[in-house]
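Take a look at the structures listed below.
Each of the next two complexes has chain A plus one more chain, namely chain B in the first and chain C in the second.
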Partner chain A sequence: MTWHVTQRTARAYVDGEVSDADAWSVEAHLVSCGHCRTVVASTAGDVGSITRDIADGWAAVSAGLGQQGRVRRGSRYREVVMLVASGPAARWAWLAASVVGLALAAALDTFAPLSGRGDVPMLGAVAPMVPILGVALSYGSGLDDAQEIIASTPGGGLRLLLVRSAVVLTTSAALGAAAGAVSGYGSPLPWLLASLALTVVTLALGSVIGIPKAAAVAAFSWALGVTIATFDTPARTTPAALTTESVPVWLAVAATAALVVAVRRSAFDRQSVSDRPQMEM
Partner chain B sequence: MTVPTMIGTHVDVRDLVVRFGKRAALDRLDLTLDTGVHGLLGPNGAGKTTLMRVLATVATPTSGHVSLLDHELGDHGRLRQVRRRLGYLPQQFGYYPRFTVREFVEYFAWLKEMPAAQVPTAVDRAIERVGLLDRADERLKKLSGGMLRRAGIAQAIVNDPDLLLLDEPTAGLDPEQRVAFRELLRTIGVDACVVVATHLVEDVTAACTDVTLINDGRTVFRGTHEELAAAGNDAGTGDSAIERGYTAVLRAARQR
Partner chain C sequence: MTGERSDDELLRAAGSGDRAAFEEYYRRNAAWLLVRLRRRCGDPELAADVLQETFLAVWRAAASYTGNGQSGGWLWSIATRRLIDAHRRRAARAQTAGEPYEELVQVPSAEEEALAASVGSELAVALDRLSPELRAVLQATVLDGLSVREAAVLLDVPEGTIKSRARRARLQLREALA
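Entry: the complex of A and B
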């Protein structure tokens, strides 16, 4: 910008006292110069008739517009809210089933505890399966109503899977921790980490065989492992997977699985739709 | 947007084969499309929907070459680039009944990874273009079939796609809405590639710059709707010239 509208020219322009040629050049300049727009606007602000004209103009324009409705500002936060708010209707069934399952486990621990040489915590055995089931229902299961459109979007792959898995994990952890607090369960750390590790393993395995199958494998292996550890020995002991010693192992498993997910991320590009051929009509 | 965002071929499909088990839904199909509104006609089971799903990057081809918006679909990064510039309305699409129209369209704007600052304006513009702005805050479960279809069209166009795929978009629209919709298609088709799969020949006559007829997974005709009508001059049955052309071309294809 080589020149600016002087205070004097601005005044003359606002009062309508400049020549046509000068007015044109001022207007052409205003189009590209924010600074001078401010100068001219503040000069015009002193003139009562112009302020009134502008106010009337706005009133007329806004009277002609419809209701704006509930428009939300676009932000990263809003994006996460929307991705979390969407999801298969089955999540309510999952939530209900989880609450019932965890409550039953906690009740068993309290009123009819399985114990021998150590405690066998039912809550710890059940809790890690809750998020696995949740992840299976929320992605690639064919239960998401809008999956056909989602599958054609760039964000419908790994990104949506991670958002939904995070929601599922947080919810299950909160439910499990609440059940544990009520029933007087010891440190929740082992089963929390087991939940995390098994969920990430589900995602990693899901990159090869699909999330629903991977979830079935992970949940079944966990159930089998815990059952064998509990009932195999004549004197029942707490399964090693649920003791504090297992913490570093679960962390290592989770980290390795996360690495696998990162490496194989492109496998989720075409997974959000179940493989069944669509009916053609 | 009036600035062309790409130069080159929007859709380039060669030798495309898609199999479900032993049945080939698409059998060595060739198709090249550029800007404009392209009609995709064919009898039920001809492979229209399968082709649309391949173009929407939803279905994976068994073999063949598919290049969209000048990108091969091989790797993760390119697929993502293409998907950001894609709009897709499936024949039957599910929705979240508790979402409002605005939330539904906004959801897909986010999934299409649009810049955050553009999302609210783009969402309202898309809803306005399909004439649903007065119902924008209504929940989807309260809308009629035609309105749902229009909400679906709004999510497809929210990112100003360079490739817009609409599978039976006029199903459930009344005649007046259909006219408005064709007008919208013509506007979008000026600088984008719009593919409309339909079985309604009058949609093709009114809004499409050219017609591709597919039968048994193969392209059997490609040309303007006048050319299709001309193909039915001596043979073919139907009430209008284009219907006669349609049946004549199909009959000839089946005899081959």
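Entry: the complex of A and C
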């Protein structure tokens, strides 16, 4: 910046004897020029009332300096943490329910294996429903306190949904794998892929009827399917949906549903928040 | 003047709890801020109060300053908020100590006229021809960047009046400068 406040103008400004036009120029300039701020400060040094007010001001300010506000800088990491943490329903309640459910399933498999006509690995039957319910709880269910605010942000649609779904999937996959390892379940690949496919189907269906309803439909269909398959398979064998033969099928289902999500992605920007339970005032 | 630090650096240091840096920042910036505040509220005591409140707020919020060379505008924006708060409190207590912007009602001195002639005289003359009320509105909304509602609090007139005065001031300036 080449223009600076002249000594004469600074003098007149400090003494309050400057025209408005000049005062405005000075003020607009001072905001962006540290050099001229010091010029004004030194000019004001010989105005008694100003130096007195400044000295008194410092005495009061320095005596009143309290706790400083805590400011945490935004970062990619914190952004994701905030996104995940703001899905309160998907935190402890869901996590506890998942752990208990999976533990019970694993215990049943270990100590009292159910066999109708076919062999029913409880863990394989239960595990794929865990992430679906997690997704339903963490998005659009009306349980998120920040839902209205989130709905009005640019990232509140599909992006948030995908972030939360990814977290839910990772967590439930880890939990399920741990339960499987403990109970000596075979390859976890089939039901892991079933989880993935069912979750993506939930998202795809959710673009039409909303995530909570879609999750209910997907989870119920899975439960029904597994039950029917159990009675439909020959004795001492596992339903096909839970064996490695099903891997390509689940992959295909997941890919198709992902395509549907991609095509219908704009639908998530208009998620209704009307099904939020009313708070009692 | 050895190891002179910029205002930005001082603010950052103050943000991490450095009181010496904060004092240096105060010494450098209190003067112009006080002068500007005095021009805005016409009551030196109120201006001194607002100055103190502003720097207390700066101390609390120093860590949130992330600008680069914008500390002047940052400081002034804090100060205007404090000034408006002070006016609100005063209005709530129904005290009136001096007309706001009474400085603007003064008669231009000979020196002022001379200065006006030296810097962009056309604009200066046009501004001087505006009534003090119109100038005050223009100053609050254009130079200080206040919203209509804030300007209404500061100048103690209804919001509708601010809007119509701002419109009138712009029209007059446009005609004068055409």
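For this structure, a couple of remarks:
Note that the second predicted complex is superposed on the first by the 187 of 281 C-alpha atoms of A that agree within 3 Å, B and C clash if a C-alpha of one lies under 4 Å from a C-alpha of the other, contacts with A are read in each partner's own complex, and residues count from 1 in each chain.
Operating definition for what follows: a residue touches a chain if its C-beta (ideal position, glycine included) is under 8 Å from a C-beta of that chain, and two chains touch if they have at least 3 such contacts.
What you are looking at is a predicted structure, and each value in this text was computed from that prediction instead of being measured.
After overlaying the two complexes on the shared chain, residue contacts for A:44 are found with chain C alone; chain B is out of touch. In the superposed pair of complexes, A:156 makes contact with chain B only, with no contact to chain C. Of the two partner chains, chain B is the only one touched by A:269; chain C is not. Within the superposed three-chain model, A:63 lies out of touch with both chain B and chain C [touch as defined at top].
Of the two partner chains, chain C is the only one that A:22 touches; chain B does not reach it. Residues 66, 69-71, 73 of chain A lie in contact with chain B in one complex and with chain C in the other.
On the side of chain C, the complex with chain A involves touching residues 6-7, 15, 17, 19, 22-23, 26-32, 34-36, 38-39, 44, 47-48, 51-52, 55-56, 59-64, 66, 69-73, 76, 103-104, 108-109, 111-113, 115-116, 119-120, 123-124, 127-128, 135, 139, 143.
Of all the residues in chain A, the ones that touch chain C in their complex are 8-9, 12-14, 16-25, 27-28, 30-34, 37-38, 40-41, 43-45, 49-50, 53-54, 56-58, 60-62, 64-71, 73. Taken together, the chain A residues at the contact with chain B in this complex read 66, 69-76, 78-79, 82-83, 85-87, 89, 144-156, 160, 265-266, 269-270, 273, 277-278, 280-281.
Interface residues of chain B facing chain A in the complex, by the touch rule stated above, are 20, 25, 44-45, 47-50, 53, 56-60, 75-76, 79-81, 83-84, 86, 88-96, 99-100, 102-103, 106-108, 110-113, 115-120, 123-124, 133-134, 136-137, 152, 155.
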